[in-house]
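These are the structures in question, set out in turn.
Here chain A shows up in two complexes: once beside chain B, once beside chain C.
So, the complex of A and B:
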C-alpha cells in the first residue's frame, strides 16, 4: 500500500477544512480574503503536482482501488486549474451570498477533491464514492442562493434526478459484482479476457448499461440531459461554471476508465449505442439552444452539445479518439470558464441574465466584450481558437473509422450539421455585444485585478491551444497510453 | 422451500421497479425521495445476496459505503426540500415551474 499517492487530494481536503475553520476568526467584511487564500492554496497544489509526480509509471494504492498514472495526473491538473479559475470567480461573486461565503469556497474544494479521486478510480467502490462526493456537494452549491426560488428549484431538480441516476448506478454496480465477483477494474478486465468465471455475461452487460446511465447523467448526454438547462440557469454562476467543466470531465474520465480499463473486451458491443447517444446529444443540444434568451440556459444547451462531441471520441473507441477528448476538454475548460466569468460580472452589474443584458458591452468594457467574443468563437469551432482544433481532432478520428464502417460517415455528417447550427446561436450572442440597439446603460463596468488575471489565463489558453496545438496534443497522447485501447 | 440467490434477486428487482414506478408516478417530492431510497436499498439487497452466495465480502463493504452516502444525501436532500417548501408552501412537482425557456 502506498498512501503517499493521495497527497494532492489530502492537500485539497485540508485546504477546505482550513477555510472553514479560518471562517471563525475572520470578520464578515474580510471573507473575500479566504477566497483568495483558497485560490492561492489550489495554485500551490497545482504547482506541487508537477514536482511530485511525472506520470510515467502506473502506481497503485489501497488494494489497487486507486491508480495514479498519466491519465489520472492529467485530469487532476485539469480539475485543479478549473477549480482555481472557478474560485476566483466565486470570490468575485461572493457578495451576492447573504451568508456562508466560506462554506461556498470549502464546498467547491470538497467537490474538487471528489473529482480528483474520480480521476484515479480503479474500482467500482471508489467510482461510486467519488461520484457521490461530487454530486452531494453540488446539491448544496446549486441551491446556495437559498432566498431565490429559482436556485432552490434547480437544487431540488438536481437532487431528484441525481439521486435517480445514482440509484441506477448502484444497481448496475451490484449486477456487475454479481456476475464478475469483483469490483476492481483490472481484475474485471482479466476475467473478461480469460472468460473464466463469467457465467452470466448478459447480467454483466445489463450492469454496464446501468452504470452508463449514472455516467451519462454526469456528462449531461441524451437521454439523461433533462436536468442540465434548468440547473445551469438556476444555480449561482460559479457553480454553473464548475458544473459544466468539472462535473462533466469527472463523468468523462470515469467513462474512459470503464471502457478502457474495466471492460475493453466488451466495449465494442457498446459502439452503436455510443454512436446513437453522440448523434442524439449533438442534435438535441444544438437545436434546443436556438430559441434560448437566457445566457446561462443557452450555455446549458451548448454544454449538452459539447457532451455529444465528447461522446464522438468514445464512439470510435481508440487512442486517437481518447486523446482528442482530452484536447477538446482542455480547450473547453478555458473557453467555458472565460464565458462564465464574463457572464458573472455582467449579471452582477445588470441584474438580469437575458442576452439583451450584453447590449453595449463593447463600449462598457472592451476587455469583457473581447473575451466573451473569443469564447463564443471558440465554442463555435472557428479557427484559430482552441475549440476549433478540439472539434477537428474528434471529427478526424470519426472520419478515420469510416473506412471500417460506413455509419461513421453519417455520424460525421450529424456532427457537422450540429456545428453549423451552433454558429447561429453563438453569433447571436456576439451580435448582442456589438450591434444591439437600445442599450440605455452605458456606464463602464469595473473589472477587478484577479478577474483580469483569470480572463488573461483563459484567453492565453484558448489562443495557445488553437495556434500551437502540438505540445498539448503530445501531452494528451501521452496521457491516454495507459488505456487498453487499439 | 430452499431460499436461493434467485429469490433474493427477484425481491431486489421488484423493490427497484417499485421505487422507479414511485419516482415516475408520484407527484409529491417527499414521496419521490422515499422511492429513490427504496431503489438504493434494492441495490443493497442484491449486493448482500451476491456477497453471501459468491462468498465474497466486497459486496458487503460496498453496502456500508452506500448506506453512509445515502444518509448524507438524505440530510442534504431533506434540508433542500424543506427550504423549497418554506418558499413555495407546496411540495408538489407541478409547482416547480419557475425555470423555463
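So, the complex of A and C:
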C-alpha cells in the first residue's frame, strides 16, 4: 500500500472541495475569482507533478489496482493541462450560467480527478469507477445551461447512452472476471500467457468486446459515436471542450492499458476489428462534417474523425503506433482547446453558433481569427503545425505495417480520403473568417487577459509540437515503454 | 544561417515580421516583402555564381546538416539536410527570381494586404525550401507549407465567379496528389531498409542493395501519379487551367512557374534513380500520357476565349515536354527536361504576370474584347509577343533549347511520341499563341481602350527581369547545362543500372547544345 502515489488526485479533489466550501463565503459577483483560484490550483498541481514524480519506475498502490508509471504520469499531466485551459474558458464563460458557477468549476475538477485515476487504472474495478466518476460529472456539466432545451436534450441523451455503455462495460468486466477469475490487469496478462486455453475462451473474448463498447463510447468511435454531435452542440462550450479532449483521452489511455497491459496476447485478435473501427470512424466523422453549419456540431464530427485517426495507432498495435497516438493527442489538446476558446468568445459575443457568426472575425479580432485559423490548419494536418506531425507519425506507422499485411495500405487510403474531405470543412471555417460577405457587425471583440494567455499557450503548443517535435516525441516514446507491445 | 538556408529562411522570417506590422502600414508591409524576396534573389544569384563544376562527394554542394528528430526506438530519424547540385540549383535561382517578380506584381492587391504578403512570403519560403531540402520529410514539409497559402490566396484574392469551385478543386486535387506521394515516400523509407528520409543516405542504401522488385513496382506508381497530379499530368490536369484562371497573378506565377516543378523534381530526384525497375515498367506509359499533355491540352488551349485559361492550358501542355524528357532516360533528354523546368518557370511567370497586368488595366481577359492594343501599351504588348513566341519554342529563348534537347533525347526511345510531340508543339502551340497575339495586340483599335496606359517604369521591372533570364539562357544555355549535366549523369547511371543498352554516350549534351545554338542563329 503506497497511498502517497495518489497525491495529485487527492490535491485535485481537495481543490474541488475547497472551491465548493469557499463558494459559501464568496458573494455572487466575485465567483469569477473562484474560477481563477481553481486555475491557479491546477497549475500548482501540474507543476508539482514534475517535482514529485519522474515516471522512470513503475509504482503500484492499492493491491496493484493503481499504477504510476510513465504512461500514467504523461496522461495525468495531459489532463491537468487540459483542465487548466478549460477552467480559464469556463471562468470567462461563467457569466452565462444563471447560478452554480462554483459548482461548474468543482465538477470540472472532479471530472479531472476521474480522468487522472483512469490514467492509473490497472484493474477493471478502478477502470470502471474512474470512468463513472468522469461520466456522472459530465451528465451534470452537459446539462448545465438548464434553461436551454438543447442543453437539457444533450444531457438526457448523454445520460441514457452513457448509462447504456456503462451497462455494457460492467457486463464485459463480469464476463472477464467470470472466465479469468481476476480483475487485475497484470494478473490477467499472466494468466493469459500461462494458460493457452484461457486465451481461446469465447466468454473472455466477449467480455473484452463489451469493455471495448464502453471505451469506444468514451472515445466517440464508430459505432458508438451517435451521441457526440448532439451532446457537443447542446453543452456549454467549456464542457464540450473538456469532453472532446479529456473524456476522449481517458478512453484512449484505458484502451491502451487494456490492450497493452491486460490482454497483450489477445490484442492481435482485435486487429481487424480495430482497423474496421478506425476506417469507419474516419469516414463517418469526415463525411458527416461536410454539411454542418453549427460550429460546435462541426467540431463534434471532427472529433469523431480524430478518434478514427487515434484508432489507426491502436490498429497497428506497436510502439510506433502508441507513441504516435500520444503525440497526436498532445497536438489535439492545444488545437481543439484553441478552437473552442475562440468559439466560446465568439458565441458569447454573437449569441449564435452558426459558422456565419465568424464573418468579419479577421477585422473584429485578429488574434481570435489567427488562432482559429491555426487550429483549423493544424486539425487538417498541414505543416508546420502539431496536427501535421501527429498525423504523419500515425500514417507512417500504418504504412510500416503494410509490409506485413497489405490491408494496411487500404487503411491508409481510407485515412487519406478522410484527410481530403476534412480539408473541405476546415477550410470552410477559414473561409468564413476571412472572406465571407454580409458580416454586418464589425465591432471589435474584447478578449480578456486570461483568455489571451490561454490562446498564447495553445498557439505556442501547436507551433512547438509542429516545428520541434524531437523532445515531445521522446517523452511519448518513454511513456509507452511500460506497455507490452511489439 | 548559411547562404543556402538564408535563401528560403529570409522570406519565412519576413512573413513573421509582416505579421507584427500594423495593417495600416501598407507601404512598410510591401517594402518588407519586396526587400525579403529581393535579398533572397540576390543570394540565389550569388549561390549560382559560386557554384563551380568541381566534383564533390555525393554530388551536393553547400551542404548543411543538423539533427532534428531522432528517436532510435522508433527507428525514426529525420534530419535537416540541405544541398544543391546542378538540378536544383537552376530551380532555386529561377524560384527566387520568380518570387521577386511575383512580389513586384502584387501591387494589384488592394485589401487584406497584411495577410496577403504573409502568405506570399510563406509560399516563397516553402517553395525554395522544398527545392533546397535533401531530406524527403522536409522536401514534403516545405511543399505543403507552400501549397496551403496557394489555396487560401486563390480563395480570398482570386478572380472570377467560380473561384470557390476552383479553390476547392485545386485544394482537393493537389492534396490528394501530395498524400499519394507521401505514401510513396514513407513506403520508400520503410522498404529501403535504411530507415532514413535522407536522399543521400537512401541513394547509398539503394546502391548497396537495390529495392526489391515488388517494392519498386508498388512505390514507383505511387510517386509517379502522386507527383503527376501535382504537375498536372494528363488526365489529372483539369485543376490547373481552372485554378490559374481564378488565382491572383502572383499566386499563378509562383505556382505554375515554380511550385509545380516540385513533382517533376521529386520524380527525377527520387523516383527514377532509386527505383529503376519500377520506372522501366511505367516510362513508356508516361511517354504516351505526355502526348495527352502536349497534344490534347494544346488543342484545348486553342479553343479558349479567356487569356488566362489559354495560358493555363499551354502551361499544362509544356509539362508534357518535361515528362517526355524524363521518360527518355537519356542524358540529353533529361538535361533538356531540367532546362525546360527552369525556362518554363520564367515563361509561366512572365505570361501570367502580363495577363495580370492586362486584367488590372482593362478588367477583362476575354481576348475577343481586345484588339490593336500594341499601340496603346507598346511595352506590355511587346513583352507579350516575346512571351508567346518563347512559348511556341522560338529559338533564342531558353524554352527552345530545352524543348529541342528533349526531342533529340527522346527520339531513340520513343520515335513515334517524339514525332507527334514535335508536331503538336510546333503547329498547335504556334496556332494558339499567335492567334492570341493577333486578337489582343493586332487588328483595328477599339475605342474603349483608347485611354489605356502602358506599364509604369516600376511595373516593368519584373517583366524585364524574366525576359532577360529567358533570353540569357536562350543564347547561352551552357550556363545551365554544364552544371546540370554531371548531376543528371549521376542519376542516369543509377536509373540505367538495369537497362545498360540505353547508357548515354559522353558528349551527347554538348553536341545537342551546339546543334541547338546553330539552329538558333539560322532562320527557320
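In the analysis below, the second predicted complex is superposed on the first by the 482 of 486 C-alpha atoms of A that agree within 3 Å, B and C clash if a C-alpha of one lies under 4 Å from a C-alpha of the other, contacts with A are read in each partner's own complex, and residues count from 1 in each chain.
The rule is short, and it goes like this: contacts are C-beta pairs under 8 Å (C-beta built on N, C-alpha and C of every residue); 3 or more make two chains touch, one makes a residue touch a chain.
Everything numeric in this text was worked out from a predicted model, so none of it was measured.
Placing chain B and chain C on a common chain A by superposition gives a fit, with no clash between them.
Shared-chain residue A:139: touches chain B; no touch with chain C.
An angle of 140 degrees, to the nearest 10, separates chain B from chain C at the C-alpha centre of chain A in the overlay. Contacts of A:209 after superposition on the shared chain: neither chain B nor chain C is touched. In the superposed pair of complexes, A:20 makes contact with neither chain B nor chain C.
Note on chain A: of its two partners chain C and chain B, the one contacting more of its residues is B. Shared-chain residue A:403: touches chain C; no touch with chain B.
When the two structures are aligned on the shared chain, A:159 is found in touch with chain B, with no touch to chain C.
Superposition on chain A places chain B within reach of chain C only down to 23 Å, the least C-alpha distance between them. In the superposition on chain A, no residue of chain A contacts both chain B and chain C.
Chain B contributes residues 9, 12, 16, 19-20, 23, 29, 32-33, 36, 39-40, 42-44, 46-47, 50-51, 54, 56, 58-59, 61-62, 65-66, 69, 72-73, 76-77, 80-81, 83-84, 87-88, 96, 98-99, 101 to its touches with chain A in the complex. Partner chain B is touched in their complex by these residues of chain A: 124-125, 128-129, 132, 135-136, 139-140, 143, 146, 149-150, 152-157, 159-160, 163-164, 166-168, 170-171, 173-175, 177-178, 181-183, 229-230, 233-234, 291-293, 297. Interface residues of chain C, counted against chain A in their complex, comprise 23, 67-71, 73-74, 76, 112, 115, 141-142, 144-145, 148, 151-152, 155-156, 167-168, 171-172, 175-176, 179-180, 182-183, 186-187, 189-191.
Across the interface of their complex, chain C is touched by residues 319-320, 323, 362, 366, 377, 382-384, 388, 392-393, 395-396, 399-400, 402-403, 409, 412, 416, 419-420, 423-424, 427, 430-431, 434-435, 469-470, 473-474, 477 of chain A.
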